[in-house]
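Letters are used for the chains, namely A, B, C, D, E, F, G and H, taken in the order the chains are written, and counting of residues starts over at 1 for each.
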């Protein structure tokens, strides 16, 4: 069983990201459980989303406290909160950032990968420069690094889940999938 | 740094609402509260039913206001306030102004019976409805204050709200309570003036405040005040008072009555509307404006 | 006059410390909403005419007045942009928070 | 003062003697005389209270909650449809720790419309965090209102005082009306620990996260568990002043009883007559009338039945899909202790069907003839 | 069709597949997505139903009752404050024998405001004459709505389908969406025995005197007692068509268990993980998840626990002044049979406090170390 | 016995209400039902909340009406009717007229929220309120329809009702529903005409019927009809219609507007009133009449 | 046309005969309200002008029309006196029921 | 224990009669329990009231099915319903009637007394000829025949319970008390 925590801000579609990932994984016959933080979401305020993945049905309905990996949708959060809280040793930290992994100097018990999802989003015209929609690009990158699903499953999921600009979003996901280096 | 003159403050300086609250960026409901408390002062007790404000204020054990609050059941703003007022008087506090502070859903829909009852008894409370035209706290569902044509999560674009906004002021006027006023956060001085006036009157007083919700209206946070002025200038939400249910007083008569188009265009909730509907809506606005003017004349 | 108030987070060591009924005993000032901000207002006081409009329209009470001039309280400002939008002299600029 | 009054007026007198400060109530048969007399008392100033003539029971309870939060002593009365319409707010009053006292006339729930007695209205409020007293005479009604205010205000938990429709509400009985001075001595004015006031502004009832909610509700239960002791103490205190004890339960010839009826309300009075008649016939019956149902008097019941050979729990109510509520809860109370003491569950008198002394003879016959209960529910008086 | 959906949407799909004809509902966190999706389904005609967007839950239930009386298949959904606001009318729907089906998201009762899960809202409706199903997965939610309509319409008794706030309502899980044709086969359109129509004018719910009321309510109970058998039969039928059985209770490793947890809702799913972990440690634990709480499955529970040495009933609720509701009712169910089987009553998770696999380890430790329960209530996870 | 002409019947002959019902002697509410059913015909379904009519109709297993009735919860006349209508349509019955039949308490007080909600949605029901100006079924307690000055068991003579009667028509007009009418059992032909008219309109229709209660008003049973004419002639209860919430039509304009004294004198519930109060009440009646006339003119 | 309908009192021998829900299956016509009457209306047809007003205003539907003339149905008439009060020719007298 | 059933019509104050009787009895230190018929009262319709009397507290709260005596406030009821239903043998039937007891021909297992309360009421101007208030006169007669209480207790009770024309009502009661012959 793999447990992942997403960090984002209200309005950035962090929950949607986890949902798309869940769909992609389910398409490949695995079991998933995804849930948002249980509370009130406000644009700009830090939010979480969680996902559990397994190859058999998942019965544990408790919250995730010690994720295997974390995904950071908004880089500025790194200063604001401790995104490594409860993160298992050896887990991946995947950050949306223009910086290189080493520049983020996280404790080296974690593996770090960065993806400039903002750049990619803007390039593919998903969202605006002021408010880029980065979640689809993130998912594209995450499945690559964590080997959770094939990119095609992700693209399919995006087509179903994203009503506005599905093509552009798929392109962004693909782009991120290819460009990220783990 | 030059310093020729004093900073100009057109509304009371005292702040009874603190920073750190949980409202979204550019929240109109929050400004409504900030202004209202400036007018009411600290000897005020609020009954706040379920609404965005039950979140904005902050979770237990915190609050962002410097006045006491009873976070009461959704449908009980007025009845809780009536009880609170009676209770305070019986324990010897006759000064405190008891205010029911509710959203449009808590006022137009689930709370209207308690409100009607309090008004009929003419209980000594001020009832303030901040109107963001939908159930926002639960994620943008239609209320009977949602205007015709608007999208909400329960009035999807395929089947947008096809009923007009309920005329709450008309309903309250029929209760012939001593004082009713409409206000907009785009006109803070007018808003403060009216609530101060209400405070000096006995019996049931009703204030209807227009308070944009960028989140629920799919509008830009920085447009909140702009919308609150446009809505008065295009007479979608005129500013007026009603005394004893009969005497109508118009507070702002726009020099030139603006069309509603620009107003609707900057709100995502209206994006799906066609010319046809826009025209219909304009006609309805004009009709209601005419009716209001006739009321004013018939004083 | 920026308010000085107890802005601590409240932690109950045990049920005994919890009040009998759910009631506030602290202020939301403990909650530094500045972290919500994506874009920050910056006031160019040279063009400021001290009209008080930014102060008046801030939903987060995050513009205070210091010896007659407007000052943004970045601890709480959420970056809604209302002050900039409403400033008659357009002397407030909304600039991206650096990432 | 000796007076012949109806049960409903006993509630009004109880509220008056307790010097209720705010009353918010709505009329409903068979409760109307309660509010009518209180209206008059307020009109001619024999009671200095604000009477809010609300437009529904829902608003009645909301107003009571608001008034109580302000620190005023608050009373209301209702029945059946009205009580159940208040349901959401009953949770509110208890969760908010507001010591409102309410009279409820037991009336069967619609549909079809009934104005006659059964306990489903009040017992379906058993999970709302209110204390519940069941009365068997008009005297007990007056006394209980006064005691209920005292206990509620000590614990900051609201109370319902329950009486049967017509068999109490509209029945005239001889009652001793306590005199005001002594009542004032027994029940001083309400001094709340915390109340809503601008002097010290608090926000009451704000959003309470999983981090805090559990402890708040834990405290409510812990405080409610203190009630049985307090009720017995305040009951003895009451006896000193007025000569009538107000305990958790009343027993009639239980000491040496082989068969004990567990009853409540007016049938708990009629049962005494049944017991006496059975004793005539040489059957050692006894009656245990539960006066306080919430909190459930676990230890009292355990202690009082321990010498019995059989127990017959008589319910004028039913939890559809389970059993009679008293039967269910007595079993719950005795499970851990009882060494297989046979408990029989009888349901009778729904919708106001009469319960007479012979009802108890029938119940006794059944209980004595059977080794142990082999039916989930034994129905008495249903026309099958 | 395999789909990843949230629990709330599972309710909407359930109603859609059941071809609900009238929906009257009011939004409340954490139920809103149910009505939002249904609004869309009605708007784009994927569901041919009238959606009445009422001004309160009270009117929602009133409208459902009216629609059901006309013979239409009727659905609503709510939570906590909304459910409790309907309380009076819940009595109405059951007394009127109207097979309304309602989804309820378990949310803790205010004050203080909570949007998080506990069972006090639905369990405090246990005496209103509704059947109650508690779900542990989104799959079960869809399946249960369909079954609930079938059983309700056979017995003319309404049903509540209950799911936990967030841990189910907002949690996305993989679900097989039954296909419409097979659902239509399983659940044909509703053909009421009696309905309101000018063709044969009847007056429904008129004043019912003590001469008649008792029999009407007796019949309600007798019919409700038929439910356990019907639920098992319709559950098997469902399995034939869809491969998933829907019984009264679900067991996990109970056969040889010394210690059996009695659970409900999502904690009944998490408990399985706890059981497995305990088994690893060599402790013979098992889990009995009660799926149908009303009517209470007496015989099922009696049969399933008979070989256990100890039972730990876990309640995410409390009846203030008594015990946890499941604990109380399990004791009631086992009283007559049990030869002193030790039952422990645990309360945890109120107001949304998390229940994890280790919660069950803690419960196991306590139960195993004690001979027999010596506390009325064992609190788990309260910060004392 | 001579027999020159046919018996003159000014209202439909068909009787859908039977003898044997449980109304008091001279009950106005009963006549209201008799007339309404003559207008509605047999394809009608009634939702009757708790009120005298839930007793008048007779106990289970009987009824005195030839149309189906749902005896619904007190506060749910409108919401039950909305649901019933939706249900009937979904099972294929689109003809039946669904009527909510409630007393003043069930309409002005505890039922007003459900009514307001139905009106806002413009649900396709006729809502008829028979107004006997108090809670009669429970033994004469005040309602918000109880007129100023009246005695009831909850407004004892020492503290008689000191609030005016709630203006329910004004409130409903503010909901701008298609049709509203007032009627009096003293004018059966007018009453029947209006209900027939309402039957032909879609959406929410509201009929307010004046129906004296000899028992509750301490009046003589034989005065029921007399009162029902006087109340129109002295304009205490004018007969008029409101279309779409704006168009006011006055049906009966008394040749000479009678003073209210005689009307009050024959009702025990007003016996305690002094000159002073009578004058005040007369003024109020005059005011409301003027207001109505101005509405009518402004059409 | 005086209605002929089943006017029997309904007795359920057992629970099995009781309908599932409380619903009417008989008419209140079984309830002869004539016994409530203290004073009885008596119509003097000689002065009757057949205006139908008595028929129109009877709350108890107890005046029916038999070949064009009004007839009181004493089985149900409660003796309220409305018909007499409203009769334009005052040809209805309310007379005491003999005791 | 003595059980009595009153027969009257709605509007005749039958319940008040039982209440006055209860008060009178209580004044003499005995215990009473009085209750109306449990239902809806309508002017003119037959109604009942019941009273239990004992010298010790009364615990039986069930209805009265087999009264020791019956009191008939309205003579016309005798034709309408069986007023002897459940009446114990040897019990009194006290009827408000101008007739003589024997003229009423009740089965002779009962004792019968008549009192022309209507006449007395009219004479003392309590109520009108059309609607005389007979209940106080009745009580005056009943206590005499059944020896339940002294007339003074009844008069006291009337003073307390009857707001309108108390003196006249007391006079009526006294008059009836004296004139009735058992």
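Methods note: a contact is a pair of C-beta atoms (placed from the backbone, for glycine too) under 8 Å apart; a residue touches a chain by one contact, two chains touch by 3 or more.
Since the model is a prediction, treat every value here as computed from it, not as a measurement.
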Lowest number of touching-chain links that must be crossed from chain F to chain G: 1
Target chain G, source chain C, minimum contact steps: 2
Most widely separated chain from chain A, with each centre as the mean of CA atoms: H
Interchain centroid distance [CA atoms averaged], chain E/chain G, Å: 53
Gap in Å, rounded to a whole number, between the CA centres of chain H and chain C: 81
Length of the line joining the C-alpha centres of chain B and chain G, rounded to whole Å: 57
Contacts with 2+ other chains: residues of chain H: 38-39, 42-44
Shared interface positions of chain D, touching two or more other chains: 53, 55-56, 81, 85, 88, 92, 95-96, 110-113, 115-116, 202-210, 212, 215-216, 218, 352, 354, 382-384
Multi-chain contact residues (two or more partners), chain G: 12, 15, 19, 21-25, 33, 36, 78-79
Complex contacts: residues of chain E adjacent to chain C: 111-112, 382-384
Interface residues, chain C side, partner chain A - complex: 33, 35-39, 78-79, 97, 99
Residues on chain G engaged by chain F in the complex (per definition of touch): 3, 5, 7, 10, 19, 22-33, 36, 45, 50-52, 55-57, 59-62, 65, 67-70, 73, 75-76, 78-82, 84-86
List of chain B residues in touch with chain A within their complex: 22-25, 55, 215
Chain D residues touching chain F - in the complex, by the definition given at the top: 26-29, 32, 35-36, 39-40, 42-44, 53, 55-56, 81, 85, 110-113
